[in-house]
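Report on the structure given below.
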Amino acid sequence: MLRNLLNNIIFQSVFLMTTLILMGIFIPNWLVFVVTKAIAYGLVGLGIITLMRGGLVSFGQGFVFGIGGYSAGLLGVHAGLTDAILLLFISFIVTGLVGLIIAPLLARYRDIFFAMLSLAFSMVLYGILIKIDAIGGSDGFVLPESTYFGIKPTTDYADYVLYVVSILVAGFVSILLRYYYNSTPGLIALAVRENELRVEYLGSSAFKVAVLNFTIAAGLGGMGGALNGIALGHIDPEFTYWTTSGEFVFISILAGYLSVPAVFLAALLLELVRSFSGRYFPDTWQLILGVFLILSIIFIPSGIGSFFKNFFDTFSKNKKS
Amino acid sequence: MRIFRQSLILLSSVLASFLTFLGTANADGHGEFKLGVVTFLSGPAAEPFGVPAWNGGKLFIKLLNEGKAPAPYNKKGFGGMKITAIPIDESGGATKQVQEFRNLVQRDKVDAVLGYVSSGDCMAIPSVADELKALTVLYDCGTPRVFEDASYKYVFRTAAHAAMDNIAIAKYLIEKGHDISSIAGINQNYAWGKDSWKDFSVSIKKLSPNSEIKNELFPKIFSGQYGTEISALLNSKAKVVHSSLWGGDLQSFILQAKPRGFFKRTQVVFSAGDHVMPGLGNKYPEGVILGARGQYGMMAPDTALNAWWYKTYMDEYGVFPAQPPYRMVQGLMGLKMAIEKAMEKNGGKKPNKDQIADAFKGLEFEAPGGLVQMKLGNGHQAIQPHAIGKTAKDKNGNITVTDIVRYKASCVNPPNGIKAVDWINAGFPGADC
Amino acid sequence: MLDISNNLLSAKNINKSFGAVIAANDVNIDIQKGEKVSLIGSNGAGKTTFMNMVTGYLKPDTGNIYFKGEEITKLNPRIITQKGISRSFQIPQIFEPMSAWENLLVALGTSKQKNSFFKDARSKNNARYIDEMLERFSLNEFAHRQVSELPGGVRKLLDIAMALVRKPDILLLDEPTSGVGAEEKYPLMNTLAKALSGEDLTVIFVEHDMDIVQNYSDRIIAFYQGAVIADGNNQDVLNDKKVKEYVTGKTQVKAKS
Amino acid sequence: MIDEILTIILDGAIYASWLFIVALGLTFVFGVLKILNIAHGGIYALGAYSTATLAPIFYSLGMPEQFVVLTMLISALAVAIVITPIMERGILRRFYGQDEVLIVLVTYAIYLVLEDVQKLIWGMNSLYVSEPRELLGALEFGSLYYVGYDLALIGLAIFCGLTLWFVLNKTQSGKIVLAVINNPEISGCMGVNINKVYLAAFFVGAFLAALSGSFTAPLISVQVGISVAVVIESFAVVIIGGLGSIPGAVIGALIIGMARAACVHKLPEAEIFIMYFCMAGMLIFKPKGLFEGVQARKI
């Protein structure tokens, strides 16, 4: 009984979430904030992981990250909608729909072509955003402070409340995704990654898998963008810039596609490395970040998820070498 | 069970690493003033602005800590407190800067943040600054909107906003009798470039309603290739070409335009054209009308304070200081004065943020570029005198600035409570020249 | 048109060339339900090309293919598979990092119309079915080993088992014994024959070993340079002069050496 | 009117030539190694810095001025010689056969490193080498002056493109490279040393990147941050022209160059937009670019 309970995904997740929420009371404010931001990035990373399980990597998640952030921001500024949870949900839906629309265009391509075309999409959006002065052009704009079910927390608690919300959202998304990964369609996606032709010869559509995964990734990317915008209280076209997309890809590759929580850990790691190298080496932080990226790709090629791949059990125990 | 244990190990290792970070990050010193300094240390804005500004700031902070600055800045550090500066790179966009700002305030627990060249960052930071109750000094950015669209308690800007750069140039052109029957502009396609052109072209239209506006070019920022734009501007045969280009873009524009006779065929005005002079030296064209965003560098006033600063910087770095170091030092001086004023009120003890903010409001202080008055935005936004000049070769064949006309702060800045755009559109009511 | 409907699979006047190489030269083949047909011919004779065209991987230059009276010439492999034609591959197309068990789970998943996104793929029902399937192909002992580590014969059987999950009408086997050691060939074919015996299945297989051909098929079609040179019962085809000259002669020499 | 059209064409041609030179190396490396080399921009900057460093030394030697072009070539070559073994042998080679996107990420990391390496080597001050630009004088054209050097860029672009095309299509080693592009596995089986081909191709790509930097240096102030724009613009050319296609890069550069010139002269508001507009159009109507037929899904 106990063993079953401990192996239960929901139990594990709830345990982890409770611990993190409690931990949030004791850790300093800046860390609360960094974790929130890591969760925002982690959500986007989860989207890419979902794509990776189907054999694709998008180098243009800034596209949906930006759309999600801007939809949350514009709804906040122009429609007076400030409920963080609602905004997260709406941006998920909006970007999911956008994803669904462009997915058929992208899903015909594979490998580097898919990556580059998605990158091109994000760059076109960047070009549009810096041009539109009505939404702040290159400067972006400030988001109104968030509310939660009509209540606006005082400044002292605002960060913590958002932290709790983002952990709950991340936990919920993680559970759903884990269910998806463990389900038959999730398994078929993994099969597509290994051998698309055979999946077609078994009677399933690899194209549909790609469209579905891209839509999920788009929704999650948008949600991450909204969370990032809400957390920072500001949004600008940099959200869609290719360097931002590059960070998402890095998070996913650092995490590997085997484990869900590893994504958030990878996002946190990147956030900490970037922030501390910026703090202690303001002149050469790019060098340090670059070397960190290269070394982690060389030495952890299948991702930190492979260190605790049994943590949440997955189908594929071994990555193709 | 193994899974459960693993999750515990994972959690505790994460926790442990956090705590390690905490230990390193929190060290509170006495008699110390922690100052976060944010400016461009990488990317295209580093060479023209960030690095020279920080060079100036670094030098001035060192001198302050040694008590070697002249009066009224001769007290050690800030009111006797040693200044510890934490430099942070401003590149990466406004959203990233919000995060860096939070890190400075929450993790490093700085007493104040001085920084921001980019207008986008200046628009993003103040709301967070007030939210975190963090004293913030904007030292360089240009957009007038910061204190026109909102008001903040803990945020101050110690330099005039960009409206005066272009108003003064328009006035100069008319006063000196230049032909302004037609004007054209080349400005970068973002807030700074667009605002600058708007301020300039509207000012000209107000002062000389008959002048015709020809090309309004807005090339992409950091594009670096201006061959086509130069052709188009030359083709337009506009009498005056205005530009607020800066940094590498301005240098590339000059290098590409000069051999094509651009500066001989049309009167060029650069609203912020001085900061590339130390680098370009004699490659800088003659006959260009330029501003320095204040009385800085070659257009600085003849005061003892300026003479000291000019020489100190020159001795240290081997080039003369252009606007960036002037502006950062101006910010440091304002902050120092506010702190020391608040300290006096507080009986010589280290004042808190609210006390410093109170003291800062409406402050007036003498800087190398002239008298700075925190007069706009209800005492949060500075105005300062301005100067416009024209480049020429001196008798040794070196490029210098001549024909300097100085403008009172109240002549080229709007009065408190009126937006810069409205003031220009209304034809500068109440300008005290 | 009339007699097409009597045939399960019918290829009419198929031509296909790759540049100068003629892979199918006016091929006409009709297959009835329940037949066990083997395709023989030297390498490059057009056997695999024929399979690829039937399963939609390649499209013929001219000609038509009908399955259950319905034209399938221009359909893609997925649709054709859904209609009831499955195949195995000369080089097993299995999902290398997964276990044999998981490979079959994928096959099972793809054979279903709808799959829940929130139900664990390893449900009891699925597990029972897969265990049965493994049993049928004598693969139990390999169930949970990663397939990239399995011996050639086992991989072949798994590949075929996966094709069979969907319960197809026609099963195409592309050289089921190639890449398998000589002493393993017969056990493999026996396992296969046993596994397939319960099904109401039409089997078409490409094979080079004439003993296996004789033992396991009731009809032989011989290819030479893209054309069908003989088609009929085992004895007739194997005694055909042209077949002896172009097909079996060579292979027998090969077998002896 | 005619004058203006001619001006647009000339301006467009100059800009297109610059774009082409900048994008050529990127598209070539992509074609052979299937790597989108983001560090391309960084190598471009190194080329510019290296020319800005070597040219003054050259001038101090007092040799005939024309030979500065040689110095520029040498400085580009030097960059390629230094960077190729480090990047290709040292880092990228470990990742061949792995996810191509992983390699893109690695080149992004290298790009970051190169940004700071420039700072560490050359400091933060601008460098100038405008002297070579005076070499060819100025030409009067209608009512305008054009600098001979800028016009010579057109020649350089044609020369680089034709040379690369000639080497690929008419020489033995070029044909080997083409074979590798078509099918690395089979070429490998036929005894082609793929690693060598990759190394050589990367070297050529790095040389072209550095060369574009070398020849841009006289036009600009060489300083930190010049690589950012290059990454984007060369990428746009490659997207429009088709990934890995040299004729595609020609067309892509011409489209952007001409469209931009026309915009600046006739519709300046649209200028910033035009590049993205071309890209978006291409993505929607011909997502693989002009010069690439839609490839069958790789299996």
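Couple of notes before you dig in:
Labels A, B, C and D are assigned to the chains in the order they are written; within every chain, residues are numbered from 1.
In this section, contacts are C-beta pairs under 8 Å (C-beta built on N, C-alpha and C of every residue); 3 or more make two chains touch, one makes a residue touch a chain.
Bear in mind the structure is a predicted one, so any value in this text is a computation, not a measurement.
The chains in contact with subunit B as well as with subunit C are A.
Among the other chains, the CA centroid farthest from that of subunit C is the one of B.
Averaged C-alpha coordinates put the centre of subunit C at 51 Å from the centre of subunit D. Taking each chain's centre as the average of its CA atoms, subunit A and subunit B sit 36 Å apart. The mean-CA centres of subunit A and subunit C are about 43 angstrom from one another, to the nearest whole unit.
Along subunit B, residues 42, 189 each make contact with two or more other chains.
Residue positions 115-116, 119, 272 of subunit D are each in touch with at least two other chains. Subunit A has residues 130-131, 195, 197, 283, 285-286 in contact with two or more other chains. If you check the complex, the residues on subunit A that touch subunit C are 176, 179-180, 182-188, 190-191, 194-195, 197-205, 315-320. Residue ranges on subunit A touching subunit B, taken from their complex, read 3, 6-7, 12, 15-16, 19, 23, 27-31, 33-34, 37, 130-131, 133, 136-142, 145, 155, 158, 228-229, 232-239, 241, 261, 265, 268, 272, 275-276, 278-279, 282-283, 285-286, 308, 310-311, 313. Across the complex, subunit D meets subunit A through its residues 34, 36, 38, 91, 94-95, 98-102, 104-106, 108-113, 115-117, 119-120, 231-232, 235-236, 239, 243, 272-273, 275-276, 279-280, 283-284, 287-288, 294-295, 297-299.
Those residues of subunit B that touch subunit A in the shared complex are 1-4, 6-7, 10-11, 14-15, 18, 21-22, 26, 41-42, 86-89, 92-96, 98-100, 102-103, 106-108, 119-120, 123-124, 127-128, 131-132, 143, 189-191, 194, 221.
Contact residues of subunit D toward subunit B in the complex are 4, 7, 10-12, 14-15, 18, 115-116, 119, 124-126, 128, 130, 133-134, 138, 143-147, 150, 216, 218-221, 223-226, 228-229, 260-261, 264-265, 268-269, 271-272.
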